[in-house]
Amino acid sequence: MSYLLKRIAFYLFTAWAAVTINFLIPRAIPGDPVQALITRSRGQMTSEAVQSLYVLFGLDKDASLVEQYFSYLGQLFRGDLGLSFTHFPTPVSEVLGDGLPWTLGLVGITTVLGFLIGTALGTGIGWKRGSWADALIPVTTFVSSIPYFWLGLIAIALLTGPDSFFPASGAYDNGLVPNPDPQFIGSVLRHGILPAFTILISSMAGWILSMRNMMVTVASEDYVTVAHAKGLSDRRVMLGYAARNALLPNVSGFALSLGFIVGGTLLVEIVFSYPGLGLQLFQAVGAKDYPLMQGVFLIITLSVLLANFLADVAYLALDPRTRREG
Amino acid sequence: MTDAVLEIRGLNVDYGLGDEAVHAVRDVDLTLHRGEVLGLAGESGSGKSTLAYGLTRLLPPPGVIASGEVLYHPDGGDPVDVLRMTLPELRRFRWAETAIVFQGAMNSLNPVHRISSQLTDVIKAHDPRSTPASRLARARELLRLVGISADRLDSYPHQLSGGMRQRVMIGMALALEPKVVIMDEPTTALDVVVQRQILRQLVELRERLGFSVVFITHDLSLLVEFSDRIAIMYGGRIVEEAASADLYRDPLHPYSHGLLNSFPALRGPKRELTGIPGSPPDLRAMPSGCAFHPRCPHAMERCGVEVPVLGTPGDVHPGHDAGENAPADRTVACWLHPVHDDGL
Amino acid sequence: TNPGANSDTGGVLNVGMPNGPQTENNNPFLNTSAASSLGYRRLLFEPLAMVNETKPAEKPKPWLATEWEWADNFHKLSLTIRDGATWSDGKPLTAEDVAFTFELLQKNPGLNVDSVPYETISASGNKVDVGFPRSQFVNQKKILEQLIVPKHIWSTIANPSTDTIKTPVGSGPYTLKSFTSQTVTLAVRDSYWQELPKVKEVRYTSYSDNNAQTTALATGASEWSFVFIPNYEAVYTSKDPEHYKLYFPPVLGIHGLWFNTKVAPWDNAALRRAVNMVINRDDIFMQGEAGYFYPKVDNITGIPTPAGDSYIAPEFKSKIVTVDVEAAKKELTAAGFTFEGDKLKDPSGKPVTLKMTVPSGWSDYVTNLEIIKDNVSKIGIEATVDLPNADAWSKALDTGDFEAALHWTNNGPTPYDIYENIMNGALFKPIGEGGINGNYGRYENAEATTLLNEYANAADDAARTAAMHKLQQIFVKDMPVAITSAANAGGQYSTKNWVGWPDESNQYAPLQPTLENALDVVLHLKPAA
Amino acid sequence: MTTSTAPSASGTTDVVLEADGLTKHFPVRKRGRELLSRKVRAVRAVEDVTLRLHRGRVTALVGESGSGKSTVARLLAQLYPQTGGTIKLHGEAVSDAASGKRFRAYSKRVQMIFQDPFASLNPVHTVRYHLTRALKIHGNAGKSATEQEAALTHLLTRVQLTPPERYIDKFPHELSGGQRQRVAIARALGADPEVLLADEPVSMLDVSIRLGVLNLLKDLKERLHLAILYITHDIASARYFADETYVMYAGRVVEGGESEAVTQRPAHPYTQLLIESAPDPDRPAAQEKDGGTGEPPSLINPPEGCRFNPRCPYAMKVCAEKVPPRFAIPADSGDGDSTAHFAACWLYGDGLSEADKAKLREPEEAL
Amino acid sequence: MTVVPSTAATTPVAAPVKRRRLRFVANPKATIGLAVLGFFALLAIIGPWIVPYDPSERGNDLLHGPSGEHWFGTTHLGQDIFSQVVVGTRSVMVVGFIAGVVATILSILVGVTSGYLAGAGSELLSALSNVFLVLPALPLMIIITSTLPETSTLTIALVIGLTSWAWGARVLRAQTLSLRGRDYIEAARATGEKTWRIILFEIMPNLTAVIASGFVGTVIFAVTLEITLAFIGVGAGGDWNWGTVLYWAQSQQALAQGAWWWFVPAGLAIALLGTALSLVNFGIDEFVSPRLRGGGKTNVKTADGRTVRMRVGFTPVLGNSNGREGS
């Protein structure tokens, strides 16, 4: 089996497993969305509402687990993720549609950016091992050990305020309507800077370290010595020989760690009240909104899978050894 | 010696600094002449590779060159000291004047670049004005030179067999027509048939292009067959240096003697194989005096005290084939054959 | 420029709620819709009458109904619908629409949030007659508060309980201008059956959490909100003491420590009474509820004052509970409890412990329990605070698997809802059985149940008053819940741009932007000078 | 007719281990379009190998890299199941030894020394651990701690790691290559085997250390009368240490016989090429013959007939059609006791008439 | 030619080869990391006895800044934050340790087994760990922990342990796969060792460093996760840990109130512990792969007093004097 076929089989299997876990977990959860809704309202909603909610959410019917599973799979294939409970009766897909662009825009871009910048810095530091650049290593280690949310909170405390350029929450100024006009885009950018910066700082640190270590390892490979022996310029040796090879494990590491990153940035969304998927998931969990939880989890998993796939393809492009002729 | 291309003078190479330093190469003096193949033999760990990398300053940390000079004599120019070169000078010098073929060809080629780009980037680095087409043509020519069809240009290293990779490296070494090619155990990973093919090609090319070769291996029979002169290393020092036929016929140093008596011959009458008793020295705790004396069957008291100096043996050792054939460039470092002290 | 941007802030009212990103859902019947969660349904749709919960005894203010008549001991309601009200699409609002709305609720139990049992509904001219199978005395408010929707639109909606009503048409003075997950903007209509409000545009912004909402209030980005702010002086009012205000009037609903009356030794009323005597309500109010959030309830009957003043029996009028450790100890020893050192032992000789549960994330509740834990240690009870997650906690209460818990009751126009929720025997289920909504403490008292029924179905006010007073006696004697705080109907507001808010001196309405009176409040607002 | 070269079972040289028609194919994964076809792809690493190991004799196996030497050894050690053929220990067929107990019983009698002394000792264990395990598994450790200590000392002395105390508690990384190799040998001896399969035991070693190990093997053969299989690609050492030598090419044995005969008078064109190529200081460079061109064949799709035919300067038509059987090569001197010299090459086919032979040989003469 | 008496007649006897363990401790990074870690471990053990106050006890100083009486200040209830942070250490360490142990054991079971045994079972195990790897951890954890009715420190630790073994399993599998082909494993087999002995005594010891580094990695992960969960309010309810401190700080809007002391100590403690664990991890990494060793001097002084950096490709030349003039 070729490498790619194998990977595709793996993706299908994982997607199936994710979907199944997705199905099972909410069903293992005690408590139900109606109770959760009532509980959350803390007396703001009368207990008479309970009955109407059961009827509304369609929780008054019984079906066997297997039946449910297959109807769930069937729905998925039709792209139907059900109706959200917290935003009832908005379809989950619509709720996700609201959150996804923000997550992709913020988390997606900064994650990739963090990877790129971190890798670039790591390349430099690893190459210049023994120079002043090494002093950055303890700093990076420390920064990478700080939890995302704490960094975010400190950033909010220090940098935002009534007169500050940085807003403390949200994705754009209240009152603006998403529209591709300069005012809106400017506002989105302004709101994105702090969360993006937080993600960048803490995700970059990890990449710096791993890339630096790979560079150190690769720098003593024979082909790097050969490249020096060939009299190539330092830049060429660093980029074309050392970094090019050091990158390979980092790329697959990147793919694999996406799951962790998505988890981590969820906190940034919570701390910065950024209206992305993470915040939605967080709220869905609190509200026992299984359909929404399932939806968010599915989206996150699938996008992690997709990103993994892209990373695999990138790896394939970067490492000729995985490419087999025939 | 006017025809020298590379003169190594008093080279000392250490691994590490200060007290922890391992002196891997000690006081090595060696001259490479134009157009010759100089064999470098010796036990594992005797410092052969260290010497080769040291003289091109390619030793990885913690290797440092403690002292010495490496004089390169360009065609018709003044000699330059490689160890005094600035980095840009060194970069220009490398490959254009001295190319190295490393021990493992699999590891010498960058696994993620095509053969073609690895062949052309060295040309580009040294001749930025060359055109891509001309570089590619040169790469094709180089492959042909080492007996690989040009359609392999687009291959990645992992798609070539070990022998082919080794040949690519040899081809690459010749890309800029250097004056010196250093080869560090280029064929140990190959079987004898392929090994012979490659070496034959190399000898042919040398005759055509006229470069000098430093050839490192511990396969003495191979060295004797292929090189003009052989230097034997032991414990970081050159202990004997002679024309290969002389060395084979008449090794002066007891260690060379032992080496020659350690490998079985394929032809001729079965020789008695004696080997060398004992084990190689620990570089961190070198025996005093001659490093070989604990293993030497002829060790004298002096051997354990004083380090013998490498020089033309002053005595004509009875029983050896001396006479007019004992050439001036034959040197040995052994108290059995004290240096001819004309200077004193 | 951006259509939502408004450089001229004049005429705009900024409302904020800490409810997280919203999805467009303007269905006024569903508690899950953005319209409900942010409260803007109150400005799009209108009720039949405006009930002021902070003054439950007052007659509701006529709104879409100009008059209403209860008959047959609250089995029949006859409404007179206002002339001149129009839907935002220009069509007139008629009695037909009102009748249709009731029918809609009758046919869709999912929309009938208050489970009002509608039986017969008929409309003729500007009159609507509705019949019920039971007395609706305690449901009056719920019926009058019902938001009315246009028949000509809703009759075409296939499934009203799953429709998100993207273009809401209501009779209120505002229409939906734009919707984003962060901000919903309403614009004032051209015509309205009353004087048009001064507020030309209302922006509802949903902040993702209390912190963000508080910040917005502190910076003035929000002018009206309802959010828990710890240390509000430091964080909020001190930023602009002249304009930043809060008003948290109590309503007839309570929060208190529910005892599981079926678990020894908490089945002993004397023990419960003793605990009630040592709870420091001031600390709870000041530290747990930040000095304003849930107003303190210290009448022995647990009825919040002043909202419930008129319902309190004369003998309890001035019975205020204050921390009295000695009295509590006396009460206990009288009931056979003993003290060993400073440890309390129950009559059987076992040490008395109290395990109180509260959802782990509910910081004010947790704080309150920490205070109570400290308080009861004064009478030798070793208390612990257990922090399960919210689901496990609801389940524990539902099935009676707890010793004591902080919980609330329903609120309503009379203290009936409080007592009904606590003492109704009809809600009783034995420990281990779930599915109850109220009487979590498994309180069983046939007399209380009868009295509750009597109150709900009594033919005259005197009978009702008598039942209410008897209920209070039972409550004070058995003390199934140690009531600490009242439910609130308050909010934070700023007088910087708008004045006319309800406050202590002018209690015309509660001040929660999501309550029905929100419309009344907005109509009262005038630009600050 | 073909002469099957059953060695004369004379004197001390009883056959201990013999392999008949040993075959090993490694299946390879299909890819691309092959997934659709039913053809089985395999590396035909060893094909129809017949050889015998005698008590008190060293049998060398030489051949180029990848010709299947190690695979033969591993098959004989039963580390791989064979695809075809039989292995007999003292005339008794061993089959399915992969299963636990039987395998241990077999491994007690047949022990293997791995190619690389740097890789075949576990870096985390001391010499003591390695040797004790070998002794214990095969019940040679004795009953008491002192007996075990004695057994260990004995083992180390046997491989000349003396004094034993100096080596017993060392980790492999503290030993030199030659010392490691000796520990590996000691471990094999710990099982007290009858057969020692030594897979290139010296290829990684320095010339001077190399000699020590080989002398040790020779000594073991003589003192303990072990049957030893010595795998190498250093033909010169085969000449020196082995009594008989087999030559493999691309999975098949192409020539075999007394070492001196095979190395001095190679019959098969491949053996000739091999010996030609071996470095030899005694040979003047000019004397070199132009022999080796071309690459070793693919073992997945090996050439039809004789596998050497694409590279063979004497190739005939029949070579590309039929696999040559073993033909006896007449000895120069009438040494009756020696193992018969044979070559699997049509050039020595005596089933053909002299006229046919003449015809077949024509291309050779034309060269 | 001149005969020059040897200058290096005697050389000191080489220092005895340091055992590997010592080399690990000699790594300065690992030493610092271990020291800090030891400090936290000590706090975890004796913390509850040395703190000045009961962390839940209410005091009269509400929301006071750091003072001699309350080193890290107080909460809105007058609780002593210093005591909370110190007492919270135990929960953090316990979760880290238990989750680390559980995940490590699982990863060894799954990774080594699937690496050593061939066949469908191995493929399945490997697919399983790949799936766990791709599933986003935090969302999964949030969902799982909010599923559990009772979330004590122990359950949190177990859940984290049970869900975070995949990374280790993958690394171990890869390592085992490469070990499986090693000659010494084959040699052990040829000697007649039983399979379980091979796995336990031949393969496992060679994985020690990898396992150790995986353990430390999991501990870092578990600690961060626990704190994160507590911070967003789905973690263990009753016990104090640094996340709970931060949770309270956040829910009481400490930063808005200017109560920085409520946030900063716990955050710094996390970062410090994380750094310590990372340092230990680096130590192990460097121990496993000597090439990563950053230790040792990299700058050297040449004879003429310049300082040059040792670097790949350009070996420094210390002096050019050819000591033996006149030859």
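Annotations
In order of appearance the chains are A, B, C, D and E, and numbering begins at 1 in each one.
Note that in this section a residue touches a chain if its C-beta (ideal position, glycine included) is under 8 Å from a C-beta of that chain, and two chains touch if they have at least 3 such contacts.
Keep in mind the model is a prediction, meaning the values are calculated, not measured.
The minimal number of chain-to-chain contact steps leading from subunit B to subunit C is 2. Shared contact partners of subunit C and subunit E, listed by label, are A. Set against the C-alpha centre of subunit D, every other chain centre is closer than that of C. Simply put, of A-C and B-D, more C-beta pairs touch at A-C. For the pair subunit B and subunit E, the distance between mean C-alpha positions equals 46 Å.
Taking each chain's centre as the mean of its C-alpha atoms, subunit D lies 49 Å from subunit E. One inter-chain figure worth recording: subunit A and subunit D are separated by 57 Å, centre to centre, where each centre is the mean of the chain's CA atoms.
Distance between subunit C and subunit D, defined via averaged C-alpha coordinates, is recorded as 91 Å.
Residues of subunit A found to touch two or more other chains are 29-30, 130, 220, 225, 227-228, 234, 270, 286.
For subunit C, the set of residues that touch two or more other chains comprises 211, 215, 218, 391-392, 395. Along subunit E, residues 146, 149, 234, 250, 298, 310-314 each make contact with two or more other chains. Across the interface of their complex, subunit C is touched by residues 29-31, 35-53, 55-56, 83-90, 94-95, 98-99, 160, 162, 168-179, 181, 183-184, 270, 273-275, 279-280, 283, 286, 288 of subunit A. Touching subunit A in their complex are the following residues of subunit B: 53, 56, 58, 60-61, 87, 90-96, 99-100, 102-104, 107-114, 121-122, 125-126, 156, 158-159, 172. Per the touch definition, subunit E reaches subunit C in the complex via residues 56, 58, 62-63, 76-77, 145-146, 148-151, 233-238, 247-248, 250-253, 256-258. Those residues of subunit B lying in contact with subunit E across their complex are 9-10, 12, 16-17, 26-27, 53-54, 57-69, 81, 83-84, 87, 90, 282, 284-286, 288-289, 305-307, 309, 311-312, 338-344. Looking at the complex, you find that subunit E touches subunit B at residues 1-6, 8-15, 296-298, 300, 303, 310-324.
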